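Order of writing sets the labels: A, B and C. Residues in every chain begin at 1.
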Amino acid sequence: MNVTDIIDHLGTFAFAVSGIRMASARNFDWFGAYVIGLVTAIGGGTTRDILLNVTPFWMQEPSYLLVTGLALLATLLFNEKIYRLQKTLFLFDTIGLGLFVVVGIEKSFGAGFPVWVCILMGTITGSVGGVIRDVLINEIPLLFRRDIYALACVAGGLVFFGCQYLALSTAVTSILAALSVILVRLAAVKYHIQLPTLKSDISNK
Amino acid sequence: MNVTDIIDHLGTFAFAVSGIRMASARNFDWFGAYVIGLVTAIGGGTTRDILLNVTPFWMQEPSYLLVTGLALLATLLFNEKIYRLQKTLFLFDTIGLGLFVVVGIEKSFGAGFPVWVCILMGTITGSVGGVIRDVLINEIPLLFRRDIYALACVAGGLVFFGCQYLALSTAVTSILAALSVILVRLAAVKYHIQLPTLKSDISNK
Amino acid sequence: MNVTDIIDHLGTFAFAVSGIRMASARNFDWFGAYVIGLVTAIGGGTTRDILLNVTPFWMQEPSYLLVTGLALLATLLFNEKIYRLQKTLFLFDTIGLGLFVVVGIEKSFGAGFPVWVCILMGTITGSVGGVIRDVLINEIPLLFRRDIYALACVAGGLVFFGCQYLALSTAVTSILAALSVILVRLAAVKYHIQLPTLKSDISNK
């Protein structure tokens, strides 16, 4: 278990907790909450793997299901305290996002896809889990209205291939790309940076 | 056409009718009702096959589309009577569930996946069709709040591999696993067994 | 770039604009609107390719993402004027539909699937993008209640294989099939042809 694995599982934990807490706000039962947590954590990577036409990553390694179980247990036991840990969880979530994006890019690049597909796959890895979660709890995905969550993923992808163009080492490239995702996301949240909305006088039905 | 095929198609019929009746409660047109019925019946197995990276089962055998057509026809012709047959349909539905779970497990096991993946695939085969149905009719999936539907599938999976561990024959293993799903489901409905819900004072947004 | 490519991209443009305008009616931000436009345009073909177990078409050719970007730009710049162009867009949309259906059929037939699968895949190519769009904006898919949109796709598929049975040339077959989709769709909209709805006194739930 190396550093990447640890970050990967911390990120999974944070993503799962975010899903479980949304489910608990809607009085889902334990099983429903577990599924929402799991889908939030693995939905992005699963979508990526289906598009890349490979076996989804969590079918080769049971730890993602176990970590989601731990996230459920933690929410059940320490609900109040987890609430107080909100900032820590946000940090895990953001660090996890950075790593997920890099993992998505590297996996797609290793499969021989062009740069623009890899950036897209990194973004999908980081953001589609939350979209599926929102569809399942019957809400319009936050992604479409919120701060520049997905654009942080795209920024990380651009930095990744910028570093590669400069022939930096794989480790440095990965770290700088993940850091870019994390910093853009943190800055967007801190300074309430948002994209303009499309306003329209036109009701189209 | 052997016993398995007959049960498979009765289950498909019952799943399809359940979807069509939900669609008709929302005044969908015939085509919409057909699609909802079809998705309810084949959505779980399709998700499983996509995750297993094989061609979906219904693309190799048109009978699932025909059975769904029959389900639509039956609902159009005998709407009242089908209502009175509710108990029979519930039975078909539950027997179908038992079979779907076993089929899902066997197909995944045959593809070389480990036990925990197979149990998960059995559960997905049995329950994801209803989830997609609920997403399409714009409701929060019943699965996340209802009786222990999905856990009946998991129970069947555990029995399946318990029997296999005991080196029972394939036929006995399949029958006992399917029976477990059916009995757990029937008991859960009869005695209103439910999982606890996650309650939360925390509104998270 | 031949005639097929031009129609393909005009259709993509029209599908994307329809998604972007729905997103703008809900005050999505630019990114959200782009994603909804993209999903509307490529969702059907992506679903088809996943079911056929091949790499999604847009991962091999960036022009679909660019055309969606142009659609967003055009909506931002000429919102009012695009409104006035509604009839032109409807025409693009319908011509695009005709082509998408034929492309879906041909791709599935080339992959060796039987006729009924190909007709289904043509229909999926033409209509699933709109379904995913509606799920993401949290509405019951129009497809299930509207005019005979999907049946126009099925009609095109029947004509396709009718022509093939008559041993007409590939070009003539494609053109006649696409024209059938277009004409059935135009006729259905003009004369308000709709399928009957399934009415039900039975509340099931």
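The rule is short, and it goes like this: a residue touches a chain if its C-beta (ideal position, glycine included) is under 8 Å from a C-beta of that chain, and two chains touch if they have at least 3 such contacts.
Just so it is clear, the structure is predicted and the values come from calculations on it, not from any experiment.
Chemist: Regarding the chain B and chain C pair, does the interface count as same (over half of residue numbers shared) or different (under half shared)?
Modeler: Mostly different residues.
Chemist: For the sequence-identical pair chain A and chain C, determine the rotation angle of the Cα superposition and round it to the nearest 5 degrees.
Modeler: Angle of rotation between the two copies: 120 degrees.
Chemist: Calculate how many whole Å lie between the centre of chain B and the centre of chain C, each centre taken as the average of the chain's C-alpha atoms.
Modeler: Once rounded, the distance between the two centres reads 30 Å.
Chemist: Touching at least two other chains at once: which residues of chain A meet that condition?
Modeler: Counting only residues that touch two or more other chains, chain A contributes 50, 53, 135, 138.
Chemist: Of all residues in chain B, which touch chain A in the complex?
Modeler: Listed in rising order, the residues are 50-53, 113-114, 116-117, 120, 131, 135, 138-141, 143-146, 148, 150-151, 194-200, 202-204.
Chemist: In their complex, what parts of chain B are in touch with chain C?
Modeler: So the residues of chain B in touch with chain C come to 20-33, 35-36, 46, 50, 53-56, 59, 62, 65, 75-76, 79, 83, 135-138.
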